[in-house]
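Following: one structure in C-alpha cells, then a few remarks.
For clarity, chains are labelled A, B, C and D in written order, and residue numbers in each chain start from 1.
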Amino acid sequence: MKLQGIFPPIATPFDSEGELYRTKLRHNLEKWNQTGLAGYVVCGSTGESVMLTAEEKLRLWDWAAEYAAADKLLLAGTGMESVRETVWLTNKAAEMGYKAAMVRTPHYYKNLFSRKEAQLLFFRAVADQAKIPIMIYNWPQATGVDIPAEAVAELSEHPNIVAIKESSGNLEKVMQMIREVKPGFQVLVGSAPTLWPSLQVGAVGAVLAYANAAPYSVITIWEAHRTRDFEAGLDWQNRIGRAAYLVTAKYGIPGLKYAMDLNGYYGGPCRLPLSPLTPEAKREIEEAFRDLKG
Amino acid sequence: MKLQGIFPPIATPFDSEGELYRTKLRHNLEKWNQTGLAGYVVCGSTGESVMLTAEEKLRLWDWAAEYAAADKLLLAGTGMESVRETVWLTNKAAEMGYKAAMVRTPHYYKNLFSRKEAQLLFFRAVADQAKIPIMIYNWPQATGVDIPAEAVAELSEHPNIVAIKESSGNLEKVMQMIREVKPGFQVLVGSAPTLWPSLQVGAVGAVLAYANAAPYSVITIWEAHRTRDFEAGLDWQNRIGRAAYLVTAKYGIPGLKYAMDLNGYYGGPCRLPLSPLTPEAKREIEEAFRDLKG
Amino acid sequence: MKLQGIFPPIATPFDSEGELYRTKLRHNLEKWNQTGLAGYVVCGSTGESVMLTAEEKLRLWDWAAEYAAADKLLLAGTGMESVRETVWLTNKAAEMGYKAAMVRTPHYYKNLFSRKEAQLLFFRAVADQAKIPIMIYNWPQATGVDIPAEAVAELSEHPNIVAIKESSGNLEKVMQMIREVKPGFQVLVGSAPTLWPSLQVGAVGAVLAYANAAPYSVITIWEAHRTRDFEAGLDWQNRIGRAAYLVTAKYGIPGLKYAMDLNGYYGGPCRLPLSPLTPEAKREIEEAFRDLKG
Amino acid sequence: MKLQGIFPPIATPFDSEGELYRTKLRHNLEKWNQTGLAGYVVCGSTGESVMLTAEEKLRLWDWAAEYAAADKLLLAGTGMESVRETVWLTNKAAEMGYKAAMVRTPHYYKNLFSRKEAQLLFFRAVADQAKIPIMIYNWPQATGVDIPAEAVAELSEHPNIVAIKESSGNLEKVMQMIREVKPGFQVLVGSAPTLWPSLQVGAVGAVLAYANAAPYSVITIWEAHRTRDFEAGLDWQNRIGRAAYLVTAKYGIPGLKYAMDLNGYYGGPCRLPLSPLTPEAKREIEEAFRDLKG
C-alpha cells in the first residue's frame, strides 16, 4: 500500500450541543473530495479522538467511509493505551473498509513507556492481531514520549507495520529513519512547518492538521516536490509557515477549526476544555490565512 | 467531607485472559477492610484506568461499592480529557454511592492544556455539573502537565472542588498550596516516598499506590503523625523508601502487583503494554518488601 | 569537619561601575558576624561566580577571610567545568584558610556530563588533588544536570568528599541520600522553601541564598529544629515561603540584593545581564519581607 | 561581511600534560588551509572554551591568526555569562584581527535568562560595546536555553549583530528566522546531521564540529548546494549522518578528536572530565569514518 501524498487528519464536527454533526462532516468531505488530497485519517489527534467515546469513533468511521470519494485512501486513528482496545478498534475499522490504522505511541505511564522495549512490545502485539497494516504515530509534543529511530527501524521488520507518521518536526530523526528502516517501510511526517525539507530528504507523504483548512497550499508543495520545482516548493513552504504555526502549536484545534470556517469548511466548536479563540487570536488567523484558500 | 488518612488507589485485578476478575477484587477489598485505611479510590491511575473501557469502570465501581466496608470512604477516578465524559462518569459514580471524584488534569494537547486558564476552565466546568465533590488530581510525571499552585488556590474557591491529590512529590508546592488555598480545602499527596514530610507540613492525607501492597506501614506513618511520634514516623518513612520507589517510579504497576502477590493480595497480570517483571526485578522487590507486610 | 547550621552563599557587592566593592563586603560580613550563621560560602552561584574572573575570586576570598569572625566556617565556591581549573582554585582557597570547597557539577556538555560516570570521574579527580575537603554542589535548575543519589552514595566513600549541598528541593532524593551515603557524609540542602522538612528528615544544615537578606528567620528555623519545637519550625517556614520564592526562583539575585538593601545589608547592582528590578517587583519584595528582618 | 560556507569551530589541541599544544594547532591549521573551508571559529564550544582560562584563549587566538591562511575568515568564540567579560574578550580578539565574535546565549541563571528580555539586553549590551560584529550562538542542547526566533528577529535590527549560528537542528526555527530577520542578517546552522536541508531552506553557511575531522564531505555538501546538485547533496548528507551523530551527540569532543586522529589531524586528549573513549566507541567511530576522509 502506497501512503504517498497529503492526508488531513480530519477535524470532527460538533454541533452547538457538542454532538457529532453528520451533515457537516459530509460537507467537509465533499469539498475535500474535489482536491488532490491522497486520503483521510479519521479520529486522529486533530479529530479530538481523546474526546470521543469508542461508539462515536465507530460512527465517524462509518460516515466518513460513506462520504469519502472512492479514490481517497482511508485510515483510522485507533491508538489507545492498551493493546487490547487498540486491536479492537483497529479491527472494527478494518471491517468498515479502512486500509490502515494510525496508532499513537502509548505514553501515560511514562516511566515505563519511554523505554524502547515497551514500544516494541506494544506495536508488535497490536500488529500481530490487526487485520490491516499499522502506521506508527509519534507526536512527542503531546505524548511526552518520543519513540527512538532505532525502535522504528526494528519495528519496520514486522510485516504488518508499514509506515510511521513522525510529527516531531525533527529532521535529523526523519533522515535517520529513512536510512535505517527496512526498504518499503514508509516515512511520513506530521508537521506542516517542515513539510518541504522533509519531502526533500525523502519523506513520502504527510498527515497534516493544516490540510483541513487550506489543502491546496500543501498539495502545491507536494506537487512542487513531485515535479522538482525547488523554488516553488520553498516559496510555498514560507507562505504557509506562519499560518501552520498558528493552527497547530499556538492555537491548536480551536485555531484550526476557525481557519476551516474562514475557508468554507465547517470548523465549529471543539469539546471543552478546548475553548473558543479570543477576538485577537481570530484576527491573527484571519491575517495569516488571507492568501491561503481552502 | 473529611478526606484524611491513607487511601489506596486500588489496583484492578485481571484474570489470565485480561478480563476483570471480580472474585479477586472481593478478596483484596475484604483484606483491606480489616486495616485502618480511610477508604478506596477506584479507577485511578494505579487501577490502570487508561486501559479500561467506560463500561468496565462502571462494573468496577459497582463491585467495589458492594465489597467495601461501610466505614471506608469511596472515591472514583473519573478524569478524562473532555469535560463531557468526565462529568458523565462522575455522575455515574455518584449514583453508585461514591462520595467524591478524583479528576486528573487534562493534558493531551499540552500546548494548550499547560496554560493555567485551560485547567481553570476544565475543573470549573466539571465541578459545576458534578453531583459529588471534585478532588483535583495532579501527576505531572505521567501527564506532562503540572497545574500551578496559584490555579489550585483559585479553584479552591469553587464550592464543589474540595481537595487536591498532589503526586509530584514537590514539597515546596505542597506547602505553598496549604498556605494559599481557601480554608477547608484539603491537600492530600500521592507520593509514598515523601509521605512523612508531607504530613509534617500539613497534608491531611494521602492516596498511595504503595498502600495496595503494604498498607500497615503507611498507616503506621499516619498514626505516628497523629500521635506526634516523630522518631517512629521518620523511621518508618525510611523503611519504606526503597520499596515505595520500586513499585512506583522504577517498576510501576507490574512491580506493585507483584508486591501485592507477595503480601497475600491478588496482584496478577497487567494489561499490555504493561508487561511482566524480569526475575531480577522480582528479586529486588522481594528483598525490599521482606519486612513490609500486607 | 561539621558543616551543620545555616550558611549564606554570600552575594558579591559591586559598585556602580561594576567593580568589586570591598567596603560593602566588610559591612555585610560585620553585620552577619553578629548572627548565628555557621559560616560563609564565598563565590557560590549567589555570589555571581559565573560573572567573576579567577583573579576577582582570589580577592574576594582574601577579603572575606579578613572580615569573617573567627567562629565562622569559611567555604569557597570553586567549581569550574574542568578538573584542572577547579583544583587550581580549590588549592588557592585552601592556602587562604578556607576549610572546604563547594564544587558544582560540571554540566556544559550535557550529553556527556549527565552520565553518572562523568560525575564520578570529575569529583574523584578533583578530590584526589584538593588540599581541603570537597562538598558536592547540585543545582539542576541552573545546570540542567542532576547528579543521581547513587552517584553521591558512591562518592561519599571518597575520604576527601565530605558533603553535598542539594539545591533541587527534591525531598525524596534528600532522604535517599541520607539513607545511602557512608556514615559521616553530610547532606545539606540549598532550598529555603523546603528548609524545615529537609531538616526534619535529617539534613544537617543548609546553604541558603535567602540567608543573605534575612538570616534571623532561617536561623530561627534551625533553632526550632535543634530544640524540637515543631510548631515554631513549621510556622517560620510558612512565614518565609513567599519571600524565599521571590528572591530565588522568581527574581533571582537582583531580587535578593534588593531584599538585602531593604534589610540593612548592601545589595547593590548585579553584573549584566542580571538586570534591575521593575518597580512592581520591588513592591512585591517589600511586601514579602515586611516582617522578615535582617 | 559574508559568513557563507563551512567553518569548523576548531578543536583545541592539548599535550599529554593538558597544556596547549602549539605545534599541533599549526599542523591542523596548515592542513585545513588546503581545503575549501571558509574560515575558523577559535574557542567555540568544540574548542573546549569552558575548559580554558582567558589567558589561554588569548594565546590560541594569537596562534590561530598566525597560522591561518589569508583567505580564511577568522571568528572568535568570546561568549561568557557576563556582558563585561564577553566585551573584554571580544575586543581582545578584535585587536588580534578577528573579524567577528561568536557569542553564546547566557544561560546559568535559567529562571532569568530563559526570558527573551534578558537575551535582548545581553546581546544589545555586548554589541554596543564590541569593536567587531556579533554572531549570536544558540545551542540549547548544552545551555538549556533556546533563544526564540522572535528575539533573533529583534536583535537582527542592531547594526552590530549580523548573524546567528543556530545549533539546535530545529528546521522550523531556521525557516522562521530566515523569514523574519532584517534583510542581510545571516542565518548559519551548527548541526551537521541537518546541514543539507538547512542549506535548502536558506541557511547561508554552517559552523560544524564535524568539519574538524572530515571537512571534504561537508564542503562537498556545500558545493552541491551552490551548484544545485540535489542528488549529490542528499547523498552526501546521508553518508555523513551516522559519523556526525557519533562525534557530536553521542561521543562529543572525545569522539571528534579521535576521528581527527584517524584522519591525519591532531586530536589528542581532552581536558577532564571529558574522558577517553572506550575501545568499543573507537571501533564505532572507525567504522563510521571509513569512507569519510580528512
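Everything that follows uses one rule, which is that a contact is a pair of C-beta atoms (placed from the backbone, for glycine too) under 8 Å apart; a residue touches a chain by one contact, two chains touch by 3 or more.
Computed from a predicted model, the values in this text were never measured in an experiment.
> Nearest 5 degrees is plenty: how much rotation brings the CA atoms of chain A onto those of chain C?
The two chains, chain A and chain C, differ by a rotation of 180 degrees.
> At the interface of chain A with chain D, does the proportion of residue numbers present on both copies reach over half, so same, or stay under half, so different?
Both copies touch with mostly the same residues.
> Find the geometric centre of each of chain B and chain D from their Cα atoms only, then give the gap between the two centres in Å, rounded to an integer.
49
> Can you compute the centre-to-centre distance for chain A and chain D, using the mean CA position of each chain? Integer Å is fine.
That gives a centre separation of 36 Å.
> Just the number, please: Cα centre separation of chain A and chain B in whole Å.
Centres of chain A and chain B (C-alpha means) sit 34 Å apart.
> Tell me, which residues of chain B touch at least two other chains?
none
> Based on which chains touch which, is the overall arrangement a line, ring, star, complete graph, or other?
Per interface graph, the chains form a ring.
> Give the pairs of chains that touch; include all such pairs.
So the chains that touch one another pair up as A-B, A-D, B-C, C-D.
> Quick one: in the complex, what on chain B touches chain A?
Against chain A, the touching part of chain B is residues 18, 45, 50-51, 53-54, 80-85, 106, 108-113, 117-119, 121-122, 125, 141-144, 249-254, 271-275.
> Could you pull out which chain D residues touch chain A in their complex?
Going through chain D, the ones touching chain A are 169-172, 175-176, 178-179, 191, 193-194, 196-197, 200-202, 228, 230, 234, 237-238, 241-242, 245.
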